[in-house]
Amino acid sequence: MAQPRVQWFKFSSPPNFYDLSGRLIPWFGGLAAILCVAGLYVGFVVAPPDYQQGDSYRIMFIHVPAAWMSMFLYVLMAVYAAIGLIWRVKTAEVMAKAIAPTGALFAFLCLWTGALWGKPTWGTYWVWDARLTSQLILLFLYLGYMALHGAIEDRQRAANASAVLALAGVVNVPIIYFSVVWWNTLHQGASITVTSAPTMETVMFVALMLMTFACWMYAIAVVLWRARLELLERERRAKWVLERMGGKA
Amino acid sequence: MSALLRALMALLRRDLLLAMRRRQDALVVLGFFVVVVSLFPLGVGPDPQLLRSMAPGVLWVSALLATMLSLERLFADDFRDGSLEQLLLTPQPLPLLVLMKILAHWLVTGLPLVLISPLLGMQLNLDGTEIAVLMMALLLGTPILSLVGAIGAGLTLGLRGGGVLISLLILPLYVPALIMGAGAVDAVMYGSSPDAHLSLLAALLIFTLLLAPWAIAAALRIMLD
Amino acid sequence: MSDAAAVPGGALDAPIPQPFPAHCLAVDGLVLERGERLLFNGLTFSLEAGELLQVAGRNGAGKTSLLRVLCGLTRPMEGEMTWNGVPVRRLDDGPGGHLAYLGHHNALKDELSAEENIQSQCRLHGCPQAPEVVFSMLEELGLGGHADLPVKLLSQGQKRRVALARLLLLRRPLWILDEPFAALDVQVIEVLRQALEAHLAARGMIILTTHQAVPVRGTQRTLTLGTGA
């Protein structure tokens, strides 16, 4: 019983986190690059054009992973925020803060690629489609989180306050999502959805999965990297930072 | 228990008394609501049919902005003069105290919006039933706006540019209330029953009532830490 | 009572009728960091009934922060506080049930009268007072004619007296006072000094920060911050 507890705290202590993440980042980064190249190759070269949408559907290989990532990352951010808030684990606080920009980036990518896909498909860059609308609100939630974090000078207070906001947000996300879907069906009847692919060919599925994993690896690498820097800044007076920086200089 | 009840009533009474002595604050919010709604026809043209179809959204968005405007001061005055610290030091549970403050705030800013909404509804060509549903929806919805908004008010205590920041934090969280509230009026307008919307709005109110006070209490403790 | 005219609040010289039961506050290994600065590391002290603790230290040493930690407003990074041997965080009614805090702010509402301010706060703290009691307390503190005026019409010194009246009426065994003597005129300082002595005599406990040396009869101790860092 005591053993795993010790292990967990060992990993979550700032110096261990710093060392371990330093060793892991190149691996995640490398995997991201390989998976991305493979995914793009399968998606753009191997997969056949869609019989209805032609080549424009290929943007789905970025659009859909981005949409997934932005949602997963929000939940993950809230989980880290809760851990930081309740158990006061500094590494978790740092992770929550580090996830936000990446999540916002994916939400933005999803909206952008959605708009680019919408032009040839629907003839307009923006429709008030349920998914696009809830993605837009998700982007606002990310922006609010980052704005609050930035507005509070004291780092501890900033982490705690934005954790409360992230939790309020994550409780609301499903409600927002369902109310937007409901609003959409009431106002537009059966609307077109971005990912209406009832029968997806295996190749397309493979490409999608490759890109999704590429996005995960990218997100992990970037988030860990950002968390490392943040940790260094927060702990810059701590002995472990001085030891490591002294060794390098 | 009775000591707790007495404490809660004392807080409610104090806040209502303060609102009475600073009537202008509440009136400004009401005025803002009326002016914003009245500006819409000037922006989109006087076509009665267009105004009618826009009315639910216009009224709801205006109510939302008016609430937003009033929220900044919900805790700010108490924060400045030290009363909020004392509130945290009372032996009473903070979420309940917070709930009382929001109740007082809603009574002086939210309720007036509900009461004046028929007038504005008529201005925008809504008929009798639609106005009744609008009032019902606002009655259920404005407390949600106050409760959720109070989280933002707590989290931006003492920050520079707090007012603008509250909007960015809280407006996305207002989406469900906006959709269901405006949707209820839309529903009667198109001849269907608003029951589903109103029930969902009521459910959302209960849900918010149960969770928001804890979030607000946590926010206050953090910002006063 | 003979010199009551010269010193408002002379009646406070009389001991408070019911002494408090003997309490004990202990602080063990307190660690607090503010804005990435370590304010104190492993602060330990205890306070018995009838004792006064003066927290000393240069500006920025963390005096106010310490008081806020003791109030339960600020969460220390480490350390434990016990009240009569029970950890404070586990007390049912929190630290607030035992202490009265007077900070930099008077915590008064400008639009309410002195009496309304005190009444509402006493009820909030769970110890309602009859109006006569409030009025007579205000009178003792030399605010007899001002009890019904909105607080915004009072001077700084008078506002401080209202806050002082609240402190006295809350009947809490532990007083935590942040610079209580600052910006007070001589008369009010004397009133406050007597109130402190009466509180100690009634087995109350006081923790305060001050720049002024004010002689208070009773057991006194000094805690100097900022020497370790």
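All chains are identified by letter, namely A, B and C, in their written order; residue positions are counted from 1 within each chain.
Criterion: contacts are C-beta pairs under 8 Å (C-beta built on N, C-alpha and C of every residue); 3 or more make two chains touch, one makes a residue touch a chain.
Quantities reported herein were computed from a predicted structural model and do not represent experimental measurements.
Listed by label, the chains that touch chain B and also chain C are A.
By number of C-beta pairs in contact, A-B leads when A-B and A-C are compared.
In terms of Cα centroid distance from the overall Cα mean, chain B ranks first. Farthest from chain A in terms of Cα centroid separation is C.
Separating the centre of chain B from that of chain C, both taken as means of CA atoms, is a distance of 37 Å. Centre-to-centre spacing of chain A and chain B amounts to 32 Å, using the average Cα coordinate of each chain.
One inter-chain figure worth recording: chain A and chain C are separated by 50 Å, centre to centre, where each centre is the mean of the chain's CA atoms. Within chain B, contacts with two or more other chains are made by residues 225. Residues of chain A that touch chain B in their complex: 85, 137, 140-141, 143-144, 147-148, 151-152, 156-157, 160-162, 164-165, 167-169, 171-172, 175-176, 179-180, 182-183, 186.
Within the complex formed with chain C, the residues of chain A that make contact are 153-155, 234, 236-237. Chain contact summary for the complex, chain B toward chain C: residues 3-4, 6-7, 9-11, 13-14, 17-18, 21-22, 80-83, 85-92, 97, 224-225. Partner chain A is touched in their complex by these residues of chain B: 148, 151, 155-156, 159-161, 165, 168-173, 175-176, 179-180, 183, 186, 200, 204, 211, 215, 218-219, 222-223, 225. Residues of chain C that touch chain B in their complex: 71-75, 93-97, 99, 101, 103-112, 116, 119-121, 123-126, 128, 150.
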